[in-house]
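Each of the next two complexes has subunit A plus one more chain, namely subunit B in the first and subunit C in the second.
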Partner chain A sequence: MTARGWLVGLALAALVLLPLFVQGTYYRFLGIVVFIYGIVAVGLNILAGYAGQLSLGHAALMAMGAYTTAILTKALAPVAFFAATGLHIWLGVIAGTAVAAAFGALLAFPALRVRGPYLAMVTIAFGWVIFKVLQEWVSVTGGDLGLASIPKAQIGLYIFDTQSFYYVVLALFAVAFLLQQQLVGSQIGLAIRAMKHSEIAVSSVGINVHRLKVLVFVISAAFAGFGGTLFAHQQNYISPDNFQFFSSVFFLLAVLFGGAGTLLGPVIGAAVLTLLPEMLHDFEKFRLIVYGGFILVTLYFLPNGVMGLLERRGAARADSGSAARDAVQPDFAATAGASLELDNVSKSFGGLQALRDVSFRVAPGSIHALIGPNGAGKTTLINVVTGFYRTDGGAILIDGQAANIASMHDAARRGIVRTFQTIKLFGDMTVLEHVLIGLACHSGAGFRLPGRVQAREQAARNLAAARELIALVGLSRFEQTPSSALAYGHRRLLEIARALAVRPKVLLLDEPAAGLIAEEIASLAEIIRKLRAAGMTVLLIEHHIDLVVSISDRVTVLDYGAVIADGPPAAVQRDERVIAAYLGPFHALA
Partner chain B sequence: MYFFLQIATSGIATGAIYGLIAVGYSLTFMTTKVLNFALGMWVMLGGMLTYSLIVLHGIHPLIVLPMVVAALFLLGLAAERFTVLPFLRAGSDVWVMSTLAVGLLMIDLSEIVWGRSPTPVPPVLGKEPIYLGEVSILPQQLIIIAAACITFLALDLFYRRTLTGKAFRAVAHSGDVSGLMGINTRRLQAVSYAAAAALAGFAGFLVVPLTLAEPQLGTVLGLKAFAIAIIAGLAAPRGILVCGLGYGALEALISGYFYTGIRDILGFLLMILALFLKPEGLFGRGVEERA
Partner chain C sequence: MPLLDVSDLHIAYGALEVVKGVSFAVEPGEIVLMLGSNGAGKTTTMRSLAGLLAPARGRIVFAGADTSRSPPHAIANLGLALVPEGRQLFPEHTVRENLELGAYRHLRRGRHAEFARSLEEVYELFPRVRERLGQPAGLLSGGEQQMVAISRALVSRPQMLLIDEPSLGLAPIPLRSIFDALLALKARGLTVLIVEQMAWLGLEVCDRAYVLENGTIALSGSAAEIAADPRVVEAYLGPTG
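And then the complex of A and B:
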């Protein structure tokens, strides 16, 4: 157990024992509020902190939970069966959580189209619509007056009072916290964190970003709704005022203040922001000034929140399990390279014909170079082959089969994997984590949370495979280094390792040598040769002619979107049209 | 028919206000991609200042107008310097919270200075409606529509005809390259933020005689204006005026013929629908994403 683990355990013990020493219900009541807000903040942290999707509408999601359980339990309370068992309360809690989750999915749809701040504004609007509906739909929600005499939590005939409900909510809060921890540590958690930095790169390793986003929204909304249901049964009275815009601001502030994207941050934030006003006299009068000032102070002086202050980066990251090293062999041999064939592929942007009737074939297990002057359409070609753009016409064949590639993650799943000309890595995530995300695609055909034993075996296999790949590109020393701290050449190599983790049948490298020094280019060539030796097909886009000539089996030359030469490197080098394309027509004449 | 025209006319006046605020979002979006999340609160501040100067200090509205606009412009410059610029670096989004924080401060400070209770402000040209055939319109509403049209015309000329305006559009397209071309992007960023604040103040000056002066005045206005800016396209100022006027009329007709409660909800549903069908806005041009 780590030092932090002990601290959390100690804090939990204190929270369990504390009420025994404190007189009166006031502090227990405050504790309950902190735990409930903590649950909502934890949910928002998953969305805003880890996935980078700002939401200023979480109070509305909380309201969905609160109103659902309030309406349901009030209707069911008179039924003798429920009155005797208290089941209606827990039905209400489940229903409220589910309804909020459903609305989370709804809120995810704009998030598929807009990002960051614009999404935040949309969530404000969403929150406001819900608020309005609560006000206007009087027959169901009670309008501004709200809903009163919501049943208290109950099991069997025992009805919880503030004293005992404290422990219920504390336990549920602990569960929520553990769920967050499990999620963040899982494969899904890796992908969620990566999505914050580059959605395109996440889809390039075969992950459906749209589905992932909806999932994150649903999970986050479920936390908010769950908190809302507890709130309703604690307060026994709810009105739209409980779920105003400012409550949403409160939750986002709690996450930022505590430290977005940290496990404990939202909890600390929720606790401080709930307890602080209690200590301030005349708080209600200056509520917005206090919050406004608090936001500014947080942003200025605690850009990474309280946890950011406490965390000594890197040092805390222990090297976990080096024993698994010799467990699994990387199975490149099993990944037979496929052939890739383009048949009259065209693509235009408005009036610009970026690719015109491009046809060529990349033989399986070969290194095939694609060269051409700037603007010849090389990157467009990669974008078309990997499904980032749809073709205007023509066909792409993998192993002779026409492939209708719908998206980048679809391409990756079919074994067509790429790297990027402008490097797209996942910011502060470590080298190891980058490669593990690449492996996610294969851990059971997507995202399931497998059972514990299975999960552990899978994790060990993934770790071993990831280490092999990192060793292959020579980054073993940097396993635990955040990608943002890597040297430029190492970033290029990391992109390749991440792509390899998807086990490509065809690997497309978009100018991997750009910006590398001579030694780095030499080791890059070595890596690419190794891949060919293992049977992989490599399509290499490059400007470094030396590199191209020394390692390629075949070269295709593009100019103005059309193939002007295709053949062995030596032949292409002597081709008049190629020389003309690169050096201008006069050279060809000379 | 009379009822229809009557409602639509006053709706268009409201829509002109929405348009004026919405184009403020567009101004900052075009230069920095920053949005002032509390733009509605700036409208409120403009309205409260107007109330204070006209009602409490008895200054003539024609003098009040430049005072309010200038004050908000200067405040906008200060707000940009201290609550936006420090957070613009490294592609972070935290200015969402800092611009919001400024708005929260404004609401409470206004309540402390001017109190919470809504107070009327006399319109410049009185309250006698003008009749266009059967349809009546308040002088203030006419002023608003005219002011919005003139503002948009001026903006359009500015963007298309003046060098500074072209610089704005260049910065919108690529800040880095514009900087290399010798455009002072930093100044444009600050000015665009302040100009959006000044426009919001102008909108507040115009709207406050129709509503009442109160610290809660701007919140909903700001949100609706944002919805309009999204529906039209943040980079399409002309479209914003069209959508603003149309939105105002539509919303008035809905509350006239159906039910007021549904009015506010509709706008946001339209926004979400627009985002889904045409995320760059009805009048915006799409930009192909690059890999």
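And then the complex of A and C:
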């Protein structure tokens, strides 16, 4: 068990024992409120902290849970069966959680189109609509007066009082915390954290970003709704005032204060922000000023929250001692290369024709270079082949079959995988994590929570495979380094390792040698040759002509969106048009 | 006296020390090349010279002033201009607006004639920049963007340029024009510190070079000496250099 594990255990033990030493219902009540708010904040942390999707509508999701269980349990309470078993409470908790989750899915749809502050605006609007509906739909919600005499939590004939409910909520809170931990550590968690940095790169490894976003909204909303149901049964009275805009701000503040994107952050935030006003009673009418001032000062000095400070202290580890492994020959036998054929492909943007009737064939298991001046349409071609753009006309054939590639993740699943000219990595995630995300998609284990034996075995296999790929591109000593701390050329190599993790049939490399020195380019050439030897098809866009000439089987040259030459490298190098448009008189030097 | 004098520079990201005691100097009118493999600390050094990263230890003296702890704008105002890795233009602004931002400290003081003169000098160097003045910088080709990035630094009328990897992503023909422009700047007497992975190109324009390895200077000398060093030939000029 880690030091942090012990700390969490100790804190939990303290919370269990606390009611034995502290007298008075008031403190237990406060504890329950902290746990409930903690559950909601944990849910919001998954969404805002890990997935990077701001929400200022979580109070409304909490209201969905609270009102659903309130209405349901009030209706069922008179039934003798429920009165004797208390089952209606737990039905209400489940129903409330489910209804909130459904609304979470609804809220995810605007998030597919808008980001950042715009998404925050949409969630604020959502919160207002719900708030107004609660106020105005008097026959169901009781309007401003709210719903009173909501049944207390009950099992069999035993009705929980504040003392015993404290333990129930504490246990549920612990479960919520563990769920967060499991989720974040799972393959889904990796993808969720990556989505925050680059949605395009996430889809490039075969993950459906739309589905992932809906999923994360549903999960987050379920936490909020669940917290709401517990709140209803604790308070026994709810009204729209409990779920105002300010409550949504409170939850986001708790996440930011404690440390967004950390496991303990939302818990610390919820506890401090709930308990602080209670401790400030002595300040009387200055209470809210002191409260606001405290938050302001803390966020100024701790921009990454309380946990941000603690983690910075702990982040001393850098290059783990993992020795460079050499002579790696990853097993690519499973990925026989496919042929890729473009048949009269065109694409234009407004008046600009980026690709005009481009046709050429990349033979399976070959290294095929695509060269041409800056702006000739090379990257557009990759974007079209990987489904980032739709073609205006023409066909793309994989292994002779016309492929209607709908999106980047669709392309990746068919084995068409790319790297990016403008590097797209996942910020502070480590080198190892980048490659694990790539493996998630095809290993099929992807979206299963860990814990089961097969899942654990799969995880071990993935880890071994990821390490092999990292060694292949020569980044072993950076396994634990965040990608943001890598040198430019190393970022390019990491993109290649991530793409290889998807087990491509056709690998599209967009300027892999940019920023590398001669020695590094020589090892890159070695890697690409190994891939060909293993049967993979490689389409290479590159300006290092010597590299192109030395490793390519065939070269296609684009200029102004059209193919001006296609043939073996030596022939292309002598082509007058290619010299005029691209190589220049200068090529003899290269 | 050197224009730029760096002594015992140490730079760390958190606990990870990337630059470990680097000392070098650049005399006025010199073009100095810095070579090094990925992760050697070149870009990190450049960023700290421009004030974007505070060194953990050591001294940076530019034009007689200690700039080790100076903020980036103060260093730029002293006349040290950075052409960053990956160009970093303002893509939605026109080329002209990009250049006006480069000359911000002059235009703010109403020195419009000076800006006009700087523009003429830039056009002489890069006629393409004049043709593209009204276009958003983000729509330019890679070579043109690099020209604008260098022009943006030049219109601030710097005493010295820091250029980080001008060759990145450039096709052979624009690559040639960028390095021809550097030769022209050298003839005008501008002082330049350049990081360039295409070593043969860098060695063609520079007077002297330093080779950085694992955060320390492993080798230094004149362009000819460095180009003849067997280790440099192997690692930087090699068969695919």
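Criterion: the second predicted complex is superposed on the first by the 541 of 590 C-alpha atoms of A that agree within 3 Å, B and C clash if a C-alpha of one lies under 4 Å from a C-alpha of the other, contacts with A are read in each partner's own complex, and residues count from 1 in each chain.
Note that contacts are C-beta pairs under 8 Å (C-beta built on N, C-alpha and C of every residue); 3 or more make two chains touch, one makes a residue touch a chain.
Remember, predicted model here, so these are calculated numbers, not experimental data.
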May I ask you to decide whether A:Asp546 touches subunit B, subunit C, both, or neither, giving the answer as first, second, both or neither?
second
Pick one for A:Ile200: touches subunit B only (first), subunit C only (second), both, or neither.
first
Using the superposition on chain A described above, determine whether A:Gly372 touches subunit B (first), subunit C (second), both, or neither.
second
Going by the contact rule set out at the top, does A:Ala525 touch subunit B (first), subunit C (second), both, or neither?
second
Just to be sure I read the superposition right, which of the two partners does A:Val417 touch: subunit B = first, subunit C = second, or both, or neither?
neither
I'd like to know which partner A:Val114 touches here: subunit B for first, subunit C for second, both or neither.
first
Which holds for A:Ile150: it touches subunit B only (first), subunit C only (second), both, or neither?
neither
Over in the complex, which subunit A residues touch subunit B? Could you list them?
54, 56, 109-110, 113-114, 116-118, 120-122, 124-126, 128-129, 132-133, 135-136, 200, 245-246, 249, 252-253, 256, 286-289, 291-293, 295-296, 299-300, 303, 349, 379, 382-383, 388, 408, 420
In their shared complex, at which residues does subunit A touch subunit C?
312, 315-319, 372-375, 421, 481, 485-490, 511, 514-522, 525, 543-547, 550, 582-584, 586-587, 590
How about subunit C: which of its residues touch subunit A in the complex?
13-16, 35-40, 43, 85-86, 141-144, 165, 168-176, 197, 199, 234-241
In the complex of these two chains, what residues of subunit B are touching subunit A?
33-35, 37, 83, 86-87, 93-98, 100-105, 107-109, 219-220, 223, 226-227, 230, 261-262, 264-265, 268-269, 271-272, 275-276, 279, 288-289, 291
